[in-house]
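Have a look at these structures, which come just after this line.
Note that subunit A is present in both complexes that follow, paired respectively with subunit B and with subunit C.
Then we have the complex of A and B:
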């Protein structure tokens, strides 16, 4: 009834020779590509996090801090405070979303885990996979160039015209960052859709796949359909600015709202490109640590994941509520936007049901997952007033909206990413990253995030505008900004502890056996602790009643056959 | 990019330097060259970047195709599905461009303005018809070639591909002739809303024609021809052909 797990040699990870640089730089292996995605996306997280610190420092007090210039590399003080602040804001947003969250979840996590979870030796097109990786790195390089060039982009991550066209800064580098990362995503989508459709282990039906594989599948469908629209939107920006076309030029029959529509047509679904794999990681961690099947698997897949996929393409106009539109569109958008809470709710209920009567082990990953169950609630529920047209008039463009999406993006999705690193750390390194330092890093980071973002909700409701570097008309908000800035320092301290812990554990953490979490998923049961080239010692087949969450026997007793 | 056999994995780490080379080439040729020419007006740097980037990309592609012919694939027979999925994203790019065009066109109509707007010279409606015939013919010749390929007549296959390339080049030449003619008549991308849509849509389509021609050239370059490569190039070329119907009807005959 369960799959055979015998005959796995203890530690053959090292039998393929020691570290050879050539075998990493030129690799086409999905696991190594995944790890290089991880390194790139964590690097982006750290630099973009530094920009966030700069933004917080600038906002601590009313008036100029005199420090923000240093954050964007302007040591000679050639930029005004506003310019430097805008450059930091641009880099923070663009790098966090395009170079950290999306590549972290659909690059690192998908690459490392999907072929292992479906029992495949690699992705369908390994060389295209490597091309995706290196285009992603080139995209990061173009973004980093903004610290060197004198005219760093200052157009947020949204790049709205007409400002992005009339500004004297280098909009082209913004466009090319999007192009490179976007093309990497489209190639990734081709690769992973084909891989998941054609390379599942013989016997593995669609309803037997890991939840993470499902969420990745949905995320890549979104990438495939919507990224090209963003690429087109920014290409037209490039043409307008440098070739003199009139797409966004109202004087000659163009329309600036065309850009906002095209941009959000991608960038709202992009939220789900990040959100879905983050949900998938949560499922894996929760089910493994609670030793329980996924509650309502089919409802969570066909109602939750597919539900999001269906609705995601028709809600983007809610980003334009205050840009102007007929009321009947506002009402329609309000309804569809609120409808998204149905599939998301189904998935969240499914987590709680999975925990119900489980025997929960609080590994570090599970601690992040537990925090996430709270974070997604705050982030999700604060989205509801923003979806409502009457409330949004008041809340739009305040720091309330900023706190709302940071709860989902900066906290929920990022914590999922950290949970993934901890949960699969033994898989990647053969060593455990658990311990006091890991716990300390978690609690410190969690405390810091709460201190940083709750004050922003409060002053947002009271009218603190987003994006301002100076708020001399609202001096009463100063104490709140102060708390938020202290919080950001605590996050930075926590992140430093976490990175230190990862490095320490990767070098000399305690070695672990083949299946430290006693998981039933293929990446743990059917291969060595560090999977070698080709992933599985022998081709994997699974039986009709196999599931990756087979933790209980038919009579309800725990399945301990492994 | 796949070969006949589907079972590999003598267990060693697979490597290829082609992807990294192509990515570096793209970095040099696209963002850096563009920035040098259009943002910083440093032509010399632009020429250097383009001069370094182009050979890197070509070398990377040649290496890539060699490996595709000689090395067994992880899974065979799925490249045609891959290109099909990729074409979905291509369709969305074209749709975005069309969305821009339709929006400008409809809002100008709603405002009661003339279309095409002032500054548009007489556009030749016969030439696009000829171009349509040429492109459809090239799809047919490629299909002929594919049939010959499946019969095993590689020589005859290459002859048909060669004819397809000639037809593609003729099509591309017609576009260049048309552009040249219109720009001399004072109709450039910045002239008005119609010129913006005209050049971006036909230009984006022409770039696809060019990519198709280049992939055919790679087909001719190698002694051994990969079955999947033939099929994938064909699917792509038919797609370029079909898109032209939409571009031509929307731009010239509406």
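Then we have the complex of A and C:
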């Protein structure tokens, strides 16, 4: 079957030496770049998570907590509670999406896994890849500076004008963060599309690629098409605020809704830039741990992934259902938005079907994947009323919408990230991160997420508005906010256990063999446990009937060929 | 005899019913409102979600338990689908999903027409939003500012605040809305409605109260420091009480204008 190499030599002599900082800073190796993306995005997760704690603490009771100022670095108490809360909420949203989820999934996971999965020695343009990474780090730095400057942005991650133009706070920091991360994304998109198109191992057809490679391919097509639109939108914002232009100023002939249309024309597809690689990781983990072929692979790829790609540019108005758009377009995009259920449904069926007649071993990553089946159902199904214009006129801008996208993005995509770290931990470190601490962290985090977000669904249906630090008009919601806050503390505890476990395992976790999950995917079968520079000791070729998921022979016996 | 008594009591009951609501039944137009429409469709959507959720959820949970590895070296035995099976597993789910989508779209569209079609004989209130206040202008020129939280205790038994949006029961109300600075949104929580308010464009929303009640209108588009302080109550009262209130407000406004003019003359 996959006669690619004559077996792997004991020591290829090609592994990296000991730790040298200079080597890491100047590296063009996709694996090291991937790990540095991981470190940066987890750092963003922790800081933005801290902001989330501040937000939850502030909302626990009606009225001021007096604590939110400390979270945004205002120790002197110069800011009002409203301003400090808004600054924390801005940072939470912007950092979680732009600096954690997108770089975590398309930076870390794509960088680390795509070349290994397609049998390539590196990406097509390794130096451009390094440039992407450093642009990303600069973006994080600019975002973090907002805690030091006296006028931290308070414009939410959406930055709608006219508020973002008339506010006295520093919109430029938001724009420059988006610019830097946007450039990193566009360069990454070119790099990975070229890599996937031209650098697959000889013999690897499109329908033999890993699901994760497919989802990354689709995600980067989205980035390449839509990021420039966002860049244009925020650049016009910058000009309006600081150069006196009037693109978004209706008093001078501009259009007040133009920004929202441009912003969501990118930012809805951006949801799939997050969702698709997260789904890809789930497919990899599930197929590997269930030792089963992907159910209906071609339909999942061409109907599911490509289906999302086709539909993604025609649904952005569902973010503007109450924004004063013409009635006809709100109805037209209700229908396109509801039709998202078709590709997503095909992917979900393929996922469920992959478990059917599988042989499931529960690694930590598989536990996260099982939890994700629940999270994707809740997050996906609560999206259905939000697709309906006439339902959204009540649910929009309530904590229902807030709970919905936290289930699908903050929980589903983040659990996918965590699953990826656990699943490929042996690949990155040569050690296993499994164990009681990993399990405890998983169960604690899962419990915390449910406690935090279910109350928000309930009070959202009753009309609790989003982005409110005070809710004196709705004192009846206080107990629900209390439960949500307790949940957030449990999440924080679980996250701390998880990080502790990762650090512990990276330093002295038990060493594992070359293919601990008995995977059939190239990154496990054809490399050393820690892949050295150039990844593969010998160039990889795959045969016509090879797939990364051929666990069983035609007669049902385990496939042991290599 | 017994039969007659029965009929007598029944007619008394009917009479009592109408007596208790003099003229009300006739006054409240029997039209579909966005509020009741939303609640109905929401319950139908919830059923849809629970059915799909329980189906997929229980199937997934069953697979996770049933297909645990019996021995660590075992592999799964999922078959590769042939062309016809693969096509069937594509087209049948697609058809089912699309059927559900179009059913929901049809329900949503019907409700949407109710939400966006202003019924005849409605009353218009102009709304001007600014950071962080709603100003309401009634047809007779009375203006209410949502930030006035002073209480007017002695008005027909209901505690009315100066910033309350007071509306008559049984009258469709249209809010014509514009903003003087940034984007705001008019969120009528209990009426299940909201629409953004922005500079340069007039937007609208309509609703109707069937019974006297008190609810909230909140700003639901982020508008800065005091975003969460931008709210007031919506107080639905009977037509008679509404007229009393409006007349009192008109009187107050006239008085205020006269005092103001007198002050200027004095100066």
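FYI, the second predicted complex is superposed on the first by the 546 of 562 C-alpha atoms of A that agree within 3 Å, B and C clash if a C-alpha of one lies under 4 Å from a C-alpha of the other, contacts with A are read in each partner's own complex, and residues count from 1 in each chain.
Here is the rule we use: a residue touches a chain if its C-beta (ideal position, glycine included) is under 8 Å from a C-beta of that chain, and two chains touch if they have at least 3 such contacts.
On a predicted model such as this, the values are computed, not experimentally measured, just so you know.
Of the two partner chains placed around the shared chain by superposition, subunit B is the only one that A:227 touches, whereas subunit C remains out of contact. With both structures placed on the common chain, the touch criterion links A:372 to neither subunit B nor subunit C. Of the two partner chains placed by superposition, only subunit C is touched by A:163; subunit B is not.
In the superposition on chain A, A:258 makes contact with subunit B only, not with subunit C.
Look at A:312: by the touch rule set out above, it reaches neither subunit B nor subunit C. Of the two partners subunit B and subunit C, more residues of subunit A are touched by C. By the touch criterion defined above, A:124 reaches subunit B but does not reach subunit C. Of the two partner chains placed around the shared chain by superposition, subunit C is the only one that A:390 touches, whereas subunit B remains out of contact. Of the two partner chains, neither subunit B nor subunit C is touched by A:445. Once chain A of one complex is fitted onto chain A of the other, the partner contacts of A:298 are limited to subunit C, with no touch recorded for subunit B.
Common to the subunit B-facing and subunit C-facing surfaces of subunit A are residues 255. Contact residues of subunit B toward subunit A in the complex are 1, 8-9, 11-20, 22-24, 26-27, 30-31, 34-35, 38-39, 64, 67, 74-75, 78-79, 81-82, 85-86, 88-90, 92-93, 95-97, 99-100, 103-104, 107-108, 113, 117, 188-190, 192-193, 195-196, 199-200.
Listing the residues of subunit C that touch subunit A in their complex gives 34, 37-38, 41-42, 45, 48-49, 52-53, 56-57, 59-60, 63-64, 67-70, 72-81, 86, 89-90, 93-94, 97-98, 100-102, 104-105, 107-109, 111-112, 115-116, 181-183, 185, 187, 189-190, 192-196, 198-201, 203, 216, 218-229, 231, 233. Across the complex, subunit B is touched by residues 16, 20, 22-23, 25-29, 32, 120-128, 130-131, 133-135, 137-138, 141-142, 151, 170, 172-173, 176, 179-180, 186, 189-191, 193-194, 197-199, 224-229, 231-233, 236, 239, 242-247, 252-255, 258, 261-262, 532-534 of subunit A.
The touching residues of subunit A, counted against subunit C in their complex, run 80, 82-83, 86, 154, 156, 160, 162-163, 166-167, 250-251, 255-257, 290-293, 295-296, 298-299, 303, 322-324, 327, 330-331, 334-335, 338-339, 341-342, 345-346, 348-349, 352-362, 370, 373-374, 377-378, 381-382, 384-385, 387-391, 393-394, 396-398, 461-463, 465-471, 473-474, 518, 551-552, 556-559.
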